[in-house]
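Structures given as structure tokens follow.
Next come two complexes, and both contain chain A; in the first it sits with chain B, in the second with chain C.
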Partner chain A sequence: MNAIHRRHPLRSSSEVVLRNLVVCGLCCFFILFFLVPIVVAFLGSFHLWNPLKGQYRFNGLTNWKMVFESSLFWRSMGNTFIFAAVAVLARVILGLLLSCALHSKTVRFLSTLRTLYYLPTITPMVAVAFVWKFMYDPQFGLLNQLLGAHINWLFDARYAMTAIVLLTIWKDFGYAVVILLGGLYSLPTDLYEAAGIDGANAAQKFRYMTLPLLKPTILFIVITSLISYFQTYIPVMVLTQGGPGTQTYLASYIIYDQAFVKYNFGYASAISFVLFLIIALLTGLSFRLSGQTEKER
Partner chain B sequence: MQKQKASSGGSKGSGILLNAVLILFSLLTILPFLWMLSSSLKTNVEISALEQSFLPKAPTLQNYLNAIEKMNFLRYFFNSFAYAVAITVITLYTSSISGFVLCKYRFKGRQLLFSCILATMMVPGVVTIIPRYSMMQLAGWLDSWRALIVPSLFTSFGIFMMRQSCTGIPDEMLEAARIDGANEFYIFHRIILPMLQNALSSIAIFQFLWAWEDYLWPYLMIRSESKQVLSVALNMFSGRYSTDYAGLFAATSIAIIPVVICYLFFQRRFIEGIASSAVKG
Partner chain C sequence: MKKHLTRILTLVIALALVFSAMACASAQSAILGNAVQYDPAQPVNDGQPISIELWYWTGAANLFQAVADEYSALHPNVTITLVENPWDDYWTKLPLALQGQDGPAIFNVHNSYHENLIGYMAPYDIAVEDLENDFVGVSAHVIDGKVYYTDYGMMTATMYYNKAMWAAAGLTDADIPTTWDSFREVAKKLTIRNDKGELVQAGFSFNGGAQGDVLGMQYQYGQNLFTQDGKVSFNNEAIQTVIQRMKDIYEVDQSGDYNFGNNSGDNFGQGMIAMYLGWGFMHNLLKSNFPDTDFGSFEIPAPSEDVPYAYHRYNGESTFGVNKNASAEQQAVAQDIVRFFLANDALQKQFCLANSVFPAKKSLAADEDILNVSSIAVLANHIDRYIWPGPMPSAVENNMKIALEDIFYNGADISTALQSAEDTCNQELAMGDFVSVEPQYQYAAEAK
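What follows is the complex of A and B.
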């Protein structure tokens, strides 16, 4: 029966027209705005390319050599890894703690709390970064008043990265809470009742049941967060411009800076390809890992 | 009921403590917004005063009037809104029609096409943005709305979501309509589209928010201030009026408050939307 539906031989002319229209549109669009740009960026990384000066001259591996010999590049890669690791870890831990707390039966106002936790995630990044820039202000900023401290958050090398991480955590933890809470609701309740009868305490249930069962969800959050944190540049642009010194340069910020402030398109393309490679690796890794969890089930 | 209470294990006291901690945390979460709002009602003198108070002593709307008159923020607000609505409406249509064709029609290369579309979701924006910028420059589209809208005609995320939703529509329904003599355009617009409402509204929310907060692309494409969008204008004015904190607080509020209000209205949809987008993981 299915075979009949799958391959209805009397394909109407309108189906052919609609199908061709859509396929044609999709092909044109994705070739023009993805395939061509990727190829152009790759070729561009082997050229001295400056659109302001009208330069586009082959210079072999010079850009790539410059990338790997640049201490700023390595510095920013290091910064990016630290930034991403801390932000992801905080996001997952906060997400787990809060979602488990919200999941408990004694919690009132569940939906209001969830709504409030998720609020920073939906607000526009540029605007929110400005609010935090003011929060960090040593003169009138709210943060120092709350902490009773006199920290020059954005201009002190010891605190600048912390400031960017804090903003990122605040903005994103709600996403983890909502997704993990969804995961918690989908867990089998009878299993927990059985474990309760067998005398498992709350910590044991969390360690040996909740955590393994939530593993795919946690993995999903880790991977999507890593991918987006490797591309973070707006907080850096608004808060510190990479400073003080090179303290808060992130990989994406260098690309932004090289491409659209200094107009070194070739050099920026080379860096963007390094980033592309890292993100592709992470994505591949995530597929391998999620494949493994499928098997474990 | 009795059982649940027992299994949650906590005494009444720890329950209250838990609630208190969670509520405190939610207040901390929204504190930056409250502070922004309250500061936007203060004068510059009060903001930079030595004695700080959370609430404004003499609330004034002057900052908002300044942001609207001096910085022309209503204009940017309208531009952002128009830009976001245009992109949202277009991508809703293109996503649903592509999702429908990719899901319900069988043709050669369909799977390959869909895989390619999915693969583009993993391409970081920084890789394609430099060539895209050059393309727009070559086409002479800089400083025009075309440059903002054309690169967003289709979104892989939307197509993916719509294709998933279309799998829930039984093939028998299409067959019945075909036997009744309906052509495919009629079937899509009159039968399929209304059935996709839920998915459409969650995509609409995401798409609108993404377009609303989009910074780099409008910043690169748009040159004349009269066509500029809110997030770029915000960054522009923070340099130009860097000492007018009160004005900047008001401008920031103008960018954030509408989103928050919209969110509070449709919060259920928002939360369902992200839950359903996470299922793919």
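What follows is the complex of A and C.
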């Protein structure tokens, strides 16, 4: 037993060298492209910082104070929570419905449908956003033509955020479909056969078998979606620039605006760190929930 | 005799050749310019080969190619490499490139990025007095007695109108409005609604860019944009009056609608609206994007027939910047190109026409070709009554945009929205080094 423990898991020295090389490479990559920028940004959050004009002047907690005192930031955080909650929910529900439909044996052209659903996901967001901008045009837009409505989607505070959420759902639902479809294929068929013999109908099978078994997959989608949606800014940048007024400001859009429009990198860094902490908290919470689910299983 | 005749003939031919060669040489070496002069006969870099880069943003490659071609023809030892970048990338890449040793020796400047560039720029090797003698608006660019860039042209807002709609409404040139009251009456005549009362043609629209219009119209009431202590002033009577009038044009006169198109420039080209207040660059943009739209221009109306403190603000189209971190030899060539550009009326004219801007060069103020451009011509009588507030950071326009959208689309009270925007803007301005040059305006003493 001791001998087994002492034995190196890798067979040859070349494997050890390869392992060390790969691990070192990855470490260097993460240090260079993740850790160093994070540290630099953190230090920058205590400075009046504009790298384009070489300005880097210590200003203590001013940037942090500005973040916590900014009503725009907290309004944007509220918007971000609502945006992320609706988009994640829609992504999961739509993903579940469509993946279950595709999983059905009666569906034909499965590959074609799967490709079609996934196509928006691989299309660049900027391109998609510009096309949707035309669709939202109050005079010539396809959406108003279809609905027979006269809605100024992007400049009416009642619809502007809805317009961004709709675009995001359309763009991203395919991702959930493909992941959940993979999850559905991995479910044990014998369980379903047994449930069928016991007299369970389709709805019961979905409620008591499919959903619980897909829970880890759904949690994975929820976590990755939350992280991604808390960083959304491209549709806002293309469609509304945060307007009308500040109605569609999202937290990440403020970061973009402060860093790359107004060149206040210090302030943008402080906002980034607050957002980072919130995302970390939410992710931790999700993992905790996920862990509890595993224990329950 | 025959021998003498041949000799005389040979001498005459030889003399003719010498004279024509001299004439050619003098034509090539003719000194350009008035106060700022350029002598093409002066060798550059002692005639030794040298390469430099000239950076510019996408949109007018032919202009920069013309500068490079004409200069290289005079100085074949100089190789100019043109480097083009899209607008957004340009303003990130350029300052970073200028920090090192390998940045471009010469580059195109836009004054809205003044703060990020000025630290990397070398002052012009040209006397300020010479620049002032040849160009208007130079004094606003003088920093500690030196000029780092100035304007070759002045761009401002002019009113564009659709000629077909104008005629269809029974309007003639005599109806061109000079006051806001008469403008509102004309706008009403140009508005068309269908049987259901729905807008078919707006008399006037400011949708999707009103901040550019508003930030300038307060000057008509003698109100500067910046206070003497360097803060922005949004929440004042003049701006409130301007915004209220814009609201009234839509809500009282019914000459337009907040939801009738989201981009008044494009909507004007598409034939949805009859009048539109746009900046100079729109002239060429409309011509190229909407060639079927026949349009004319008139000067922005004023509150009364009296000449106001200023009709609007202008923004200068800037001359080249010279990289102070480039090698001494490259800087010398860059300085020489700047002088060549400033002294060369033909190039100045080419740049002004391409951007539809009023020439800053005094010798071109009455140029026929330039004054044939309607959006430029309408400025000719009052060009001195346009004010440049300085290289305003984007925070000013961004915060005014938020205030206007809150007022027009979210139903916010004018004063509350302006105060909120003013507070945020001043907080953001405090992070930079912007200083207004309004006090240097020729008629600054007339301000409230």
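Quick note on the criterion: the second predicted complex is superposed on the first by the 262 of 297 C-alpha atoms of A that agree within 3 Å, B and C clash if a C-alpha of one lies under 4 Å from a C-alpha of the other, contacts with A are read in each partner's own complex, and residues count from 1 in each chain.
Convention: contacts are C-beta pairs under 8 Å (C-beta built on N, C-alpha and C of every residue); 3 or more make two chains touch, one makes a residue touch a chain.
From a predicted model like this one, the values you see are computed outputs, not experimental measurements.
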{"item": "First, second, both or neither for A:126, with chain B first and chain C second", "value": "first"}
{"item": "Partner chain(s) touched by A:53 [first = chain B, second = chain C, both, neither]", "value": "second"}
{"item": "First, second, both or neither for A:262, with chain B first and chain C second", "value": "second"}
{"item": "Which of chain B and chain C A:105 touches, first, second, both or neither", "value": "first"}
{"item": "First (chain B), second (chain C), both or neither touched by A:204", "value": "neither"}
{"item": "Which of chain B and chain C A:139 touches, first, second, both or neither", "value": "both"}
{"item": "Contacts of A:116 with chain B and chain C, given as first, second, both or neither", "value": "first"}
{"item": "Which superposed partner A:156 touches (first chain B, second chain C, both, neither)", "value": "second"}
{"item": "Contact breadth on chain A, by residue count: chain C or chain B", "value": "B"}
{"item": "Contact residues common to both interfaces of chain A (with chain B and with chain C)", "value": "51, 139, 260"}
{"item": "Contact footprint of chain B on chain A as seen in their complex", "value": "5-8, 12, 14-15, 17-19, 22-23, 25-27, 29-30, 32-34, 36-38, 40-41, 44, 51, 98, 101-102, 104-109, 111-120, 122-128, 130-132, 134-135, 139-140, 142, 145, 170, 174-175, 178-179, 182, 192-193, 196, 201-202, 216-217, 219-220, 223-224, 227, 230-231, 234, 237-238, 252, 255-256, 259-260, 265, 268-269, 272-273, 275-276, 279-280, 283, 290"}
{"item": "Residue numbers on chain B that touch chain A, as the complex places them", "value": "3-5, 7-10, 14-15, 18-19, 21-23, 25-26, 29-33, 35-36, 39, 47-49, 52, 94, 97-98, 101-102, 105-107, 113, 116-117, 120, 122-135, 137, 151, 153-154, 159, 171-172, 175, 178, 183-185, 188, 209, 212-213, 215-216, 219-220, 230-232, 234-235, 238, 245, 248-249, 252, 255-256, 259-260, 263-264, 267, 270-271, 274-275, 278, 281"}
{"item": "Residue numbers on chain A that touch chain C, as the complex places them", "value": "48, 50-54, 66, 72, 137-139, 150, 152, 154-157, 241-247, 257, 260-264, 267"}
{"item": "Chain C - residues contacting chain A, complex", "value": "91-92, 95-96, 99, 115-119, 258-262, 272, 393-395, 398, 401-403, 405-406, 408-410, 412, 417, 424, 427-428, 431"}
